[in-house]
Every structure is written in structure tokens, then in C-alpha cells.
Amino acid sequence: MNPVNYLYLAALLFTIGATGVLVRRNAIVVFMCIELMLNACNLAFVAFSRMHGNLDGQIIAFFTMVVAAAEVVVGLAIIVSLFRTRHSASVDDASLMKL
Amino acid sequence: MSATAVHSLWTTAADPISKIDAPKIEYGQLSPTLIVIGAALVGVLIEAFVPRRFRYYTQVFVSFVALAAAFAAVVALAADGYGTTRARIAAMGAIAVDGPALFLQGTILLGALAALFTFAERRLDPAAHGNRVDSFAAQAASVPGSDSEKAAVRAGFTTTEVFPLLLFAVGGMLVFPSANDLLTLFVALEVFSLPLYLLCALARRKRLMSQEAAVKYFLLGAFASAFTLFGIALLYGYAGSVSYGTIAQVVDGTVTDIDPALANTMGNDALLLIGAAMLVMGLLFKVAAVPFHMWTPDVYQGAPTPVTGFMAAATKVAAFGALLRVLYVVLPGMRWDWRPVMWAVAIVTMLGGAIVAITQTDIKRLLAYSSIAHAGFILAGVIATTPSGVSSVLFYLAAYSFVTIGAFAVVTLVRDAGGEATHLSKWAGLGRRSPLVAAVFAVFLLAFAGIPLTSGFAGKFAVFKAAAEGGAVPLVVIGVISSAVAAFFYIRVIVLMFFSEPRPEGPTVAVPSPLTMAAIGIGVAVTLVLGVAPQYFLDLASQAGVFVR
Amino acid sequence: MENLIALLIAAPLLGAAVLLVGGRRLDAVGHWIGTLLAAASFVVGLVLFAGLLGRGTEDRTLTQHLFSWIPVAGFQADVTFRLDQLSMTFVLLITGVGSLIHLYSVGYMEHDERRRRFFGYLNLFLAAMLLLVLADNYLLLYVGWEGVGLASYLLIGFWQHKPSAATAAKKAFLVNRVGDMGLSIAIMLMFTTFGTFAFGPVLGHVGDTSEGRLTAIGLMLLLAACGKSAQVPLQSWLGDAMEGPTPVSALIHAATMVTAGVYLIVRSGALFNAAPDAQLAVTVVGAVTLLFGAIVGCAKDDIKKALAGSTMSQIGYMVLAAGLGPVGYVFAIMHLVTHGFFKAGLFLGAGSVMHAMNDEVDMRKYGGLRKYMPVTFVTFGLGYLAIIGFPGLSGFFSKDKIIEAAFAKGGTEGWILGGAALLGAAITAFYMTRVMLMTFFGEERWRNRPTPSPAEPSVEPAAEERGEHAEPHPHESPKVMTIPMIVLAVGSVFGGAFFSLGDRFLHWLEPVTGHQEGHPPVSAWTVTAATLVCLVLGAGLAWAQYGRRPVPAVAPRGSLLTRAARRDLLQDDFNHVVLVRGGEHLTRTLVYLDHSLVDGVVNGTAASVGGLSGRLRRLQNGFARSYAVSMFGGAAVLVAATLLMRAV
Amino acid sequence: MSFPLLTATAALPAVGAIATAAVPAARRTAAKWLALLFSLATLALAVTVAIRFDPGGARYQLTESHAWIKDFGVRYELGVDGIAVALIALTAVLIPFIVLAGWHDADPLETGNRRWRPTQGFFALILAVEAMVILSFEATDVFLFYIFFEAMLIPMYFLIGGFGDRAHAHGEETASTQRSYAAVKFLLYNLVGGLIMLAAVIGLYVVAGNFSLQEIAQARADGSLHMATGTERWLFLGFFFAFAVKAPLWPLHTWLPNAMGEATAPVAVLITAVVDKVGTFAMLRFCLQLFPGASKWATPVILVLALISILYGALLAVGQRDIKRLVAYASISHFGFIIMGIFAMTSQGQSGATLYMVNHGISTAALMLVAGFLISRRGSRLIADYGGVQKVAPVLAGTFLIGGLATLSLPGLAPFVSEFLVLVGTFTRHPAIGVVATFGIVLAALYTLVLYQRTMTGPVKPEVAAMPDLRVREVAVVAPLIVLLVFLGVYPKPVADIVNPAVQQTLSDVHKKDPRPEVEAAK
């Protein structure tokens, strides 16, 4: 099967993730959508690595996972503290600062 | 690709370990980064083992020493000519050690030092229960207004973690502009972003806004970095490598040793264009260029002011450094594709920032928008794509970062019962109550406005000159117009401070410790020196204006 | 001897400086200092006159170069004085009459606490007037020209506390400025034409340029003359100028300053000779004014205003003569001098009368004063005879010559101008007789009437302080006032005869102005006879109206013409409606526009930017997801644009 | 390397500013005397400059040149020609009087606040402005000039906004808002002008590669530096716009009445008599020398604008109710004359314009300062609030009248000389414009005399009945100015001799010759 299809899939996943970020309210879900985008990137890396026949892409994928993990740590910490103060994880509720 | 080829791939990968030769790391040339990161780790250990009452002092001491040492290292490297003749690519092609890198690292480190002083300031807030407090939450985990928070305050807790976080961020920023492959770039990006997200959440007062700022910054930042990463992926797909040099060669079509395996798969321009665009977009987000700027005002307003100052200065420097390197080293071959786009971005950024700033009522948001406008001015220099363009941007960044830190440091001084009095109406008549502070702030505002004899003017002139020489005259004209618009709101603040009657319930100006004084002092000094006698620093910048490939 | 010329000006200038800067400590002696310096200047004048007489008729032109004033490339203005027969004549007139009037003022202003300042201004006037007539180039003349304007402004408005006086002063200065505009344009034209504006070169080269240019210059000079000499259409200020103290009216607004226009035209004679059209314009202005002034003079009940009208009319004669070219120049100047005598005398007389009548100026409240103030009566009477041209008196000679010259113009023009001059003579006789009768004859209308009526404020503060609101008791003025009147009366009796017997004056002036005999279509005697007839008619008419019948204390409504004449033939009303009202509207509109339009555009731009800012600001709605949308959109645009760039 | 006289002349007031600012709050009087001392010392140096300057000598004299910002092609280059000498002298002469006249204008209302030192600030700012103005007259490097041209806005801005007229028609609250409005308006107008000029300055650098006035002018002259017509015109417009705002030229004038109206009289004098001159001076030195072609191209339009300024300013002056605004509009009219003279491109016009700058400075100073004394007595700027002052304060009225007569350029006083030269100079090349401009002299008489009549003459108003006459300090301010007016009116030759050569050179820069008179023989 042509690895290019994986690229299309990756692009699809990325778009789905982005759309999720735009449409979903719950901070956790938004965050998951971002993770989805990152993983779409991973897929793309691996696919390219497969096409080019070198390993850089696969190694980068590992880096990405680590970074994603770090992001989860930080992100969850922030989101949780927000949730505890406001008893809601809705992104839209956090709109004190505007204009 | 045939199965045998895939199999060969497996086998090659399964070759004995002995064949992989150990990477060669030039520790000396990486020393600034290593020092800072190392100190950060030490800071973590301190948090773990040093008794609470000593932590503050140890942390401040360690951070200070680390930053100073790192700066010394940068100076030493530059003195050894790594900035010019001996510029090279270190760490197996991951890090570039050249003029721009060193210049920006130096700027970041000095800025970080000034920022460190504002971080460590503990005289501004009235002491809570006999414990001197800084601008950071007693206990970030405790819910605002909850008993646990009260308890933490009573116990005199302070979040001394901010110092290692600061150092981590600085470490990332040091790598960011000197990264020489996209992976390093991405990692550095995350390394300095994540600590900033956290720092934003740590304000002692107005914690709701602080947390909100953190969430917004985090979500949008992650969103942006996802784009960056996808862009990187596409570029990798295009060139079959993430190393700047190789990509540049592929773009120019001057690949020397071409791997036959790659020959047929790479060089797809669609990948290049889309990838480049998404990568650049990620960087534009960090420099807060319109339309990727919208996080800026909220985050700047919500974050603890010392953090805001640090972000506004250092992040911009690092991000512009990376942007320069990407555009000048990776994508010069497709200059004709990105220049017009950047033109548009620069124009909307200059005008947008300046125009929206007019109607701001909060000093921190005002400065946020002004920083957006300035991003636009700097972009004008970036677009020049000439050596003078690079050096002018470097100079501007240096000038701008110190003005910014100084300005935000002054903001921390003007306080009332609710903490910092950031609403403009409260600044009325400040000039009457404490002329000195008002005068200093006026100096910073005039520098922002680009009045002659301040660093702001020299920087603006350098950038516009470079742009004009690069043939971007319309850009210069628009830049001039928008700086006229911008002048209006800087002047507004001055009018407020000096010519309006002071309010009876107006804020008081806290007398800071030598730390903040030092930060402000550095700001004023640099502003005036770069304004009156910029030649030396211009020389420095122009010497540092060449990227290594 | 040239070096004395500067002294002429220096003396009064010094006086002005000392008196104005000196301050109150000079109040006691100030008036004597002023008079002394004026006299000194007169003496110097006499010395120079003697010197001139000592020379041959052809080299009676002295010049004194003081210093280079404005040297800029081709533009070289020097401070150089030129004393020739023409300017000599003026010098003597100015300093002579001037000194007398200084003397008179000592008495007249006795009760004014600002007398020192008054004499300072008088000296200033003398200096400026002398500069005017002694200047060797038009620019320096211009300095004197505006200098006398300033002096007249200061003196008309001397009683500044009276709004009417202040307004009159302002009006005089403004109208004069209009004239000055003409003079400065004339100078510019000269500079562009001749590259200089010194008398010698300009008048020497009139032949080298086109008549058109000369006409233009001539008309501009005429405009200047109209302003200074109160000729139609710029005459309106002279009547109001009577707000000033009477000695001022005598010196400035009768004898000297107002005649500067005539001097200017005669001085530029060579130029006018080469520009017939300009000359015609001059004569027309002269003719119109002499009638205009005369008619106005008939209708005024205010003695000074009546005399002012007469002044206007007499200067009309001079201008007319000057417009006639070489035929008339000499007579213009001669009439100017004689007029200087008798008109000054008349004004001083009027002043003396007012002095006696608690500063009442309304002739309808005079009457029968001859037995109370004989000296004034006699001197005034002689002046009266002189001005109406009673045979043998100075007016007779000078005016008669002018009328002849007017006829001598020849053709219809000649008849028209001559006719006008004749008619003028008749009217002159009428109004002067009227003045005479109303003032010194008839019943004593000032009896049992408190004057001045509280309605109109008194002319002089002195009067108020003396608090004389009771019935006036006329008395002769002190010696210091009567002596000058007597001297002037003598001048006005014998001056004309002395000048014209043996054509003394003609020979004196001819080298400067040139002269050619005029040949009227009818014999000179006929003209003289006609003049006398007119005289008798005019005087008789006046006698019929004011001598036989008692003069009504309140002015009757009078005919349309009378009423118009009382209002200066509606000239002021015209000015008011057109210039003042129009000007006010214009400025008001402009002030409004400046704020709403010029300023409004800028403020509008600022406001619109502000509004835009307000709208853009709403995009920052605080929702992280909308921020993400903008980022996403931005990214999309970025990508699309980049691809597009490659596509094109 | 001889003694850097020009630098010293500019540095002295700068030092003075710092010294004055450093005086402690309590020692207010000391600060005043210090400021006066420094301004007088500066005057001495300026006089030395005038003496050392040799009219027959090189175009730029007393030159200094040091490297400054290599990367921007900027050198610290000073040098004066006759025009600059005249204007430096004017500045140095006026500042002491301004200081003396403003003696009490900045006394703090509330004493007690130890930190707030308005008096020190006031005089320090005045000296700072002097330093910058002098430097911008001396600079022969475009960038150097630009820096001070812009920088002087800041102290001016604080002078206008910070030390408003104590006497205002509408009560304290609105007064302070009006004041800051005026200050902001002043700053923004000039800043916008300056920024547009900045674009042109950068453009000039791109074209010429350096900023040295002499080098560029030289290169323009010998053709080694060619500018495309379009480029030259754009650059010219960029420069001229800034100068026209500063000058100010209609329709960019509206900031001046606000600024002069709200500022204290001495500051108003500082604006119109000193700072604004930099604009007209710069037209003469930079616009004409750097862009001769474009200057000639723009001349017709500029002349018309100048003409409009003359009549428009005069007419609006007639319509004013506020004494100081009236003087401001009068100044607009006068600046119209100056600009007209400059662009008449004749030696009379330009020499006249230069003399005009000097004379207008002195005459406006005289009129405005006396007006200030008057206003400070009655506490109102409205003409309607006065009347009959002449009777109670004759000296004040007298000096006021002389100032007014100078403003309407009466012969014998200095302004007449310059105004007539400008008119003649314009007339020789553009007769129609010259003639129309002549109407200005009638309007000038109108607004001056109306002002004098309304305020000084007529029955004494009860409010002014007790008004004291000029004090010694005030006489010391006005008398010398009047003496100067008379002297320069009677004997302007010394100044003219200094100015003429410079004007001739400027004319040769734009390749213009005076039109010959029709009849040569007359000379």
C-alpha cells in the first residue's frame, strides 16, 4: 500500500484535531485534540521516514511523544488548577480578560 | 518500495552497535546553554533538599551565578571569534555557534538577569504575617481564597520553583535561535514554552486572571506548536532531512552528496511551501505577529508582571532569532515566495498593534499591543534579507528587550490595595506624586515611541534604513505612519502621568529593593547609551550579522 | 552746509525722545522743551534758506548722505536727504507753522495733565514730516509718510478715554494704510522698472520705459496721495480726525500732513508728465474732492468739521492743480502754503472759540461772539477773507491761478475742470460765510443754556475737571494763544501777494517743478471776474440764509442733499455696510471654518482611527477558541498565499 | 583643532539645564538666577560666534566634524553660515528675556511637596530647548539636525502642558484639560511631521549614502549624485512637510493658537520666536540646498499657501477674542511672509525672510511678553475684560503699543525692513502675489489697532482700575527689546551684511538669479 495514503490520513487527523480545538469547549477535550494533532504529525514523520528510507523521521516521532508527554504534565496541571478554582473546565468560562 | 529494500533497511538497522561512533559534543562551545540547564537542574535539587527558609536565597544565588557565568561564557566565545571567523556548527550539526546566536544569547542572558532581579523582588507587597513575599503565589496548587491558601500564606510559603523554571526557559531560549536542525528547534521551543506556561499561572494576586492567562497561553501555544511540528514534518518529507543545511541545499537544488534512495522522493515543492508556511506560522505566533497575536494582551495582562516583562523581552528575542535563521539559512532559496507574505504580515502587525493600542485602558495590555506593533517594525527589518537587515534586527531586539523589562519593572512599583494598579486611570498625576518614577517611565515610553536620543529611535532608524535599502520603501512609509499612531498612546500615558490632577485615592509608589532598582537602572542606562552612542553596539551587531551554514 | 539738514530732523526727534522717555519728571517744562526744539528746527531752516538764496538758481539742491540703510544685492536703500527749493518751502512751512502751533498749544493744553506727552507727539510729528519732505528716495519718504500717520494716530486719539477719539484715530490710520499700500506697490514697481527708487535716477529715466508702467506707478502714487490728503475715495477719515485737540487739527489736518499727497505728486512731476492718463485721474480726483469737501462743509454744524470739509476741498484744489502738470505745480504748492497760513489760522481761531465756549463745537450754540473775543474775531475774519479769495488776500492769488490753470487744460476737460473749480469757489464762499455768521454774528444763542449737554461727553477732560456745566462766559484767549493767530493772520493777508508779485514763488520753484504758462481759452481777467462773481453769489446766499434770518438752535431737517452732506454724503455708511459689516462676517466665517474645517479634518482623522481601534478591539473577545480560529485562519491564509506566490 | 566654539555654545545651556534641575526644591530663587546666568553666558558665546564669523569667508565657518554613528553615515558636523549666525544670536538674545519674564510663572502653588520642583523644571526645560535649538541651527549633518529637530519637541511639550497660563478664561479644571490638549496637539502635529521627515531622511540616505549637507550639496552641484526627479520631489515633500508643520504654514497651523494660547507668555514666545524659526530656517538650508529642482517645482504651490497664510492668519487674528490667540494668528500671518520670501527665490526675498525671522522673533517677544504682564495682572486672556488700561498703566500701554506697531511693521521699526524686502523680493518675480500680499499690511494694522483700542483705550474698566504699571523687572525685559527693534529698524546693515553672502550662495544652489530691472541705466 502506498505510504502516501498515510500522509493523507495524517493530514486528515491533523485537520480533525484542529477542528476539535476550534469547536469543543471542554479544556480537556481541546487538549486531547491538540494531542491528536501531534500524533498526526508523528504519523506523517513515520510515513515520510518510510518513503525516504531513513530513520530520522522515526526518531523524531519518539521525541515528539516525549514532548507531548511533557505537555500533558504541564497542561493537566494548569487545567486542573483552573477546574478547581472555577468548578468548570470550559474554556469559554475563562474569559475575564478581553478587549 | 520493494520488500527486499525494506528488509535491507531492517538489516542495516540491525548492524552491530560497534559501528555507531559516539557523537562528538563541543562542550566548550555549548557551555552557555549547558551552564544554564545545569543550574536549572541544581535548582530542582535545591527545591528537593534545601530547607524552605534558605531556598529563596540559594535559588536566587544559583540562578544569578548561572546566568552571569553563562553570559561570561558567551562573551568568551565571542572573544574567541566564534561569532565571526571561527563560527561553526556544533553538536553533530544540531547547534550553530555563530554571530547571531551568540549576540542573541548574550541579549537573552542579560535580559534574564534583569528579569531575575524583578523575580526576586520581595519588598513591594506588604509583608504577610511577617514573611516578606514576592509576586508569586504562596502555593500554586491551593485554590484561590481557600483555607489551604490562607494557611500557606500564614506559613510564609513562597514558590521558589520559579527560579529553576526561569532557568529552564532561558535554557530553551538560548538553544532556540541557535538550533541548526528542525528537531532541535522544536524541542527548544517546547523547553522554553512549558516553563512559561507554568510561570504565567503563579501570580500572587488576581490568581483567577493568572490561571486564565496560563490556560489561554498553554492551549494556544500547544496549538501553534502542533502547526510548527506538522510544518517540520512536511519539510522533512520535502528534503528527507531536518538539518537546516540539507534543506537549504535541496531548496537551492545544489545537493552535493545525494542519496539515490532520496532522489525520487524528495523535492516536492507543495510540501516545501506548505511546510515552510506552517513552520513560520509557529514562529510568528511566538513573536506575536498579527493574526497570531491574540494571546498576547490577555497573557501579558494576566501573568505576574515580572514574568510578563521576561516573556515580552526574551521570548521575542529568541523567537525572532529562530525566525531569522529559518528565513536566512533554510529558506533563502524561496525568498520570492515568502517575502510578499511577510510584507503583508508586517504591515497588518504594525498597523493592527498600533491602532488597537489607542483604546486600551490597562497599562499592561497597552504595552502588550505596543509589543505587537514593535514586532511589526522588526519584521520590516527581517524582510530586508540583507546583512544590514540582520544586524539591524539584532540591534533592535537588544534595544527593545531592555526597554521592555524596564517598563514592566516600573509597572510593578505602582500599587494600591489590590496589588499593582494597572488601570490607566489610576496613573493620573503620578508625575506629581513621584516625579522620578514617572520620569523614568516617560523615558521608556519615549523610547517605545522612537524619539531621538533614545535606543528606540536608533533601532527604528536602523530597521527602516535596512528595509528601505532592501527596496521595501512602502513598508517604511507604513511603518512611519503606524509609529505616528503609536506615538499617540505613549503620549497619552505621559499626559496622564504629568498633566492630569492626581486622584485622592490614587496608588502609591512602592519603594523597591536594590534588585528592581538595578533592573530599572539597567533599562534606563541601555536605553540612553544605545540612543546617544549606538555605534559600538551597531558594530557588534553588524559583525554578528552573518549566519553560518 | 548740507550737514545742517539732518539737524532739521534731529531737533524735534530729540524732543520727542526726551519728552516720551523722560517721564513725569519733565511734566513741568516739557511743553517748553518741545516748543524750543521746534523753533530751533525752524531757525536751522531759515539758515539753510538763506544759504540756498545765496546760491545760483540752478544749484540750489543740497544732498546729505548719512548711511546705507538697507543694502541687499540690487536693492540699495540709503538714508540720504535732499534739500531743494520744493522741500525748502515745506521745511519752512512745517517748522514755521509748527512752532507757532506749539506755542499756541502751550496755552491751549494748559489744563491737560498729559501735556508733556502731547508735545512729545507734536515733535514726533514734526520730525516725521520733515523726513517725508527731505527724503531723497521714495522708501525713506515712505518712512516719513507712515511716521506722520503714526503721529496723527497718536494725536487724534490723544484723549484715548473717549471711545470716539480712539475709533477716529484707528480709522485714520487704517484708511491711511490703504493709501500706504499704494505707495509701497509704487515703490516695488519702480524697483522692478528702474532697479532703484531714488528720486534722481527714477525721475531721470522715465523716458526709458513704457507709458503703461508709468501710468501704473502714477495711479499707485495717486492712491497714496488720496489716503494721506483725504481725497475721494479715501477722504472719510478727515472729518472724524477732528476728535483730536484743535492745535492738532490745525497743524496736521490742515496745514501740513494732509498736504503731503500734493507734495508727493509734485515731487513725482516728471513721472506724471510722462503718464497723461495718471494725470487725468489726478485732476478728476481733485475736482471731485473739491466739490465733495465743499458740499460737506456747507452742512456741518460742528465748526471743526465744517473747517475739515473746507480743508478737504482746498486740498482738492491743490491736487487738481498738481494734476494739470507743469502748468499747475507751482500754483498747487503756492496754494498749499497760503492755505497753510489761513487754514491754520482759522483752526486756531476755532480752537480759541471753543476754549471760550467750554469746548462747545456746535455753531448753532454760538453767535455774537465778536464783541467778546475781538482778537479771535479779527484774525478769524482775515483768514475767512483769505480763504474765500477776497481780492488782495493770499487765497485770492493762489486759488485764482489754479482756476485759470484748470481752464487752460483746454477742450471739454478744461471747461469741466474749470467749471468745477469755479463752482467750488462759490460754495467755499457760502460755507465760510456761514461759519463766520453763525459764530461771530447774530444773537447770542449760548445764553442760558447749560453746555455741553450731558448727552455727549465733553471734548476735553480739562472741561470736566473744571466742572463747567453752567452757562459759558466767553473771554479772549491768553496771549500765548492769540500771538500765533495774529502771526498766521498776517501771513494769510500778505502771503499771496508777496509770492505772486513778480512771480517770486514761480521763479523760486521753477527749477525743481518746471513751469509752463497756461493759456486759458478766455482771458485771465475774465476768469478772475467770474471767480469774484461766484464769491459774491456764495457769500450773498449765505448772508440771505444765516445773516438776515436768525439761526435755529436745532438744525432743521433740511433737504435730502443737506442730510446726505451731514453724513459726509453717505460715504461712511457705505464703508460701514460694505467693509466693516462684510469684514466682520468674513472673519466670523473664517474663525468658524478654522475650527470646524481645518482643525476638524485633523480631529476627524484622529477620531476615525479611534473608532476603528474601538471596533478592532472587540475582536479580542476573551474566548481562547476564537483566538484559535484567528490563528487557524491566519495559518490557512499564510499557506494559501505562499502557494499563490509560487503559482503566479 | 581649535576651541569647539559651536559645541560650547550649545553645550553651555545644556549644562545649565542640568545644573538648574539639580537645585533643591527649597532654593527656588537660586535656580532662577542660575538659569539667567547660564542664558547670559550663552549669549556671550553667541556674540563671540557672531564676531568670529567672517561674512566674506567660507560658506560654513567654525566647523567641527567628528565621527559619530558610522553605520548610519552620521557625523557630528557643525558649522554656521550667516543665516545660522543671525538665528543663533536671536535665540541667545531672547532666552534671557524669556527667563526673566517667566520669573514667577512656575512658582509652585503648593509648597511642601518636597519632590515636586516645578520651578527648577521650568527653567531647566527652557535651557534644554535653547541648547537643542542652537544645535539644530549649527548642524550641517542632516541626521544630526533631525535628531534635535525632533528631540526639542519633548521639553517644549512639557513646557506647554506642564506650566500653563495661570490666567485662563474658564476655571482651573477645564484649563488643565485645555492645556494638555494643546500640548498633545503640539506634540502630535510636530511628531507626525517629524516622522514623515524621518522616512524622507532614510530615503535620502539610501540615495546619497551619507548625511553630510556639504557633501551631498556638492555632489548635487557637480552632478556626481543624480536623483531621479520623482525621488527628489518625494524627498523634498517629506522634508518640507515637517518644516511646514513647524513653521507653521496654512493649513497645518491649527496647533499654534492652542499652544500659544494655553502656554505662559514666555513659553509662547519660546514657541513662536525661537522654536518655529527652526522650521523656516530648515526650509532655507535643507530644502533648497538638497533638492533645488524639487524646490523650484513646488514653488508656485508653496507661494500660494504662504499667501493664504498671510491673509488668513491676519483675518483670523482680527476675529479673535483672546489676546494670546490673536498674537498667535498674527504670527501665522508673519510666517506666511517668511516662507513667501524664502520661495520667492530672490536675494531680497531670502535676505528679507532671514531678517524677518530675527525681527519677528524680537517684535513678537516684545508684544507677547507685555501681553503676558497685562494678563498676569488682570487674570484673564479675554480682550473684552480690558479697557482704559492706558490711563492707569501708561508705560505698559506704551510698550504694548510699540510692540503692536512693530507687529504691523511700522517703518522705523525692525520688522518693516524685512517685510518690505520680502514684498519687493516676491514682487520682482511674482508681481500678482506680491500685490495681494500687500493687503496683509492693512489687515495687520487692523488687528493690532483693534487690539490696542479694545484693551488700552476707552473708559477705565473697574477691574483694571487698580492695575499697577510695569515693574522694574518687567521694564528690564521690554526696554532692551524695544531698543533692539528701533536699532535694527534704523540700521539693519550689520545683520544684512552677515546674511547676504549666505543668501547669495543659497540662490546659486538653486541656480536662480535676481530678475534684472527693466531700465538698466538707472543704476
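For reference, chains read A, B, C and D in written order, and residue numbers begin at 1 within each chain.
Note that a residue touches a chain if its C-beta (ideal position, glycine included) is under 8 Å from a C-beta of that chain, and two chains touch if they have at least 3 such contacts.
Per UniProt, the chains are A = NADH-quinone oxidoreductase subunit K; B = NADH-quinone oxidoreductase subunit N; C = NADH-quinone oxidoreductase subunit L; D = NADH-quinone oxidoreductase subunit M.
It should be emphasised that the depicted structure is a prediction, and the values quoted were computed from it without experimental measurement.
**Student:** Select the chain whose centre, defined as the mean of its C-alpha atoms, is least distant from the mean of all protein C-alpha atoms.
**Tutor:** The most central chain here turns out to be D.
**Student:** Taking each chain's centre as the mean of its CA atoms, which one is farthest from the centre of subunit A?
**Tutor:** C
**Student:** Which chain pair shares more contacting C-beta pairs: A-C, or C-D?
**Tutor:** Answer to which pair has more contacts is C-D.
**Student:** As a quick test, compute the distance in whole Å between the mean CA positions of subunit A and subunit C.
**Tutor:** 97
**Student:** Which whole number of Å gives the spacing of the CA centres of subunit C and subunit D?
**Tutor:** 37
**Student:** Centre to centre, by mean C-alpha position, how many angstrom separate subunit A and subunit B?
**Tutor:** Centres of subunit A and subunit B (C-alpha means) sit 24 Å apart.
**Student:** In angstrom, rounded to a whole number, how far apart do the mean CA points of subunit A and subunit D lie?
**Tutor:** From the centre of subunit A to the centre of subunit D is 65 Å.
**Student:** Which subunit C residues sit where two or more other chains touch them?
**Tutor:** 617, 620, 622, 624, 628
**Student:** Could you say which residues in subunit B touch two or more other chains, in rising order?
**Tutor:** Correct list: 215-216, 219, 223, 227, 297-298, 488.
**Student:** At which residue positions does subunit D touch at least two other chains?
**Tutor:** There are none in subunit D.
**Student:** Pairwise, which chains touch?
**Tutor:** A-B, A-C, B-C, B-D, C-D
**Student:** Which positions of subunit A touch subunit B when the two form their complex?
**Tutor:** 3, 7, 10, 14, 17-18, 21, 27, 30-31, 34, 37-38, 40-41, 44-45, 47-48, 50-57, 60, 63-64, 67, 70-71, 74-75, 77-79, 81-82, 84-86, 91, 94-98
**Student:** Contact residues on subunit B for subunit C in the complex?
**Tutor:** Subunit B residues touching subunit C: 215-216, 219-220, 223-224, 227, 269-270, 273-274, 276-278, 280-281, 285, 291-292, 294-295, 297-298, 336-338, 340-341, 344-345, 352, 355-360, 485, 488.
**Student:** Which residues of subunit B touch subunit D in the complex?
**Tutor:** Residues in contact with subunit D: 388, 391, 432-436, 446, 449, 451-453, 457-458, 461-462, 464-465, 468-469, 473, 476-477, 480-481, 483-484, 487-488, 491-492, 495, 498-501, 534-535, 538-539, 542.
**Student:** In the complex of these two chains, what residues of subunit C are touching subunit D?
**Tutor:** Subunit C reaches subunit D through residues 20, 67-75, 139, 142-143, 145-147, 150, 153, 157, 160-163, 165-167, 169-170, 173-174, 177-178, 180-181, 184-185, 187-189, 191-196, 201-202, 204-205, 208-209, 213, 583, 586-588, 590-591, 594, 598-599, 602.
**Student:** Which residues of subunit C touch subunit B in their complex?
**Tutor:** Touch residues, subunit C against subunit B: 606, 609-610, 612-614, 616-617, 619-620, 622, 624, 626-628, 630-631, 633-635, 637-639, 641-643, 645-646.
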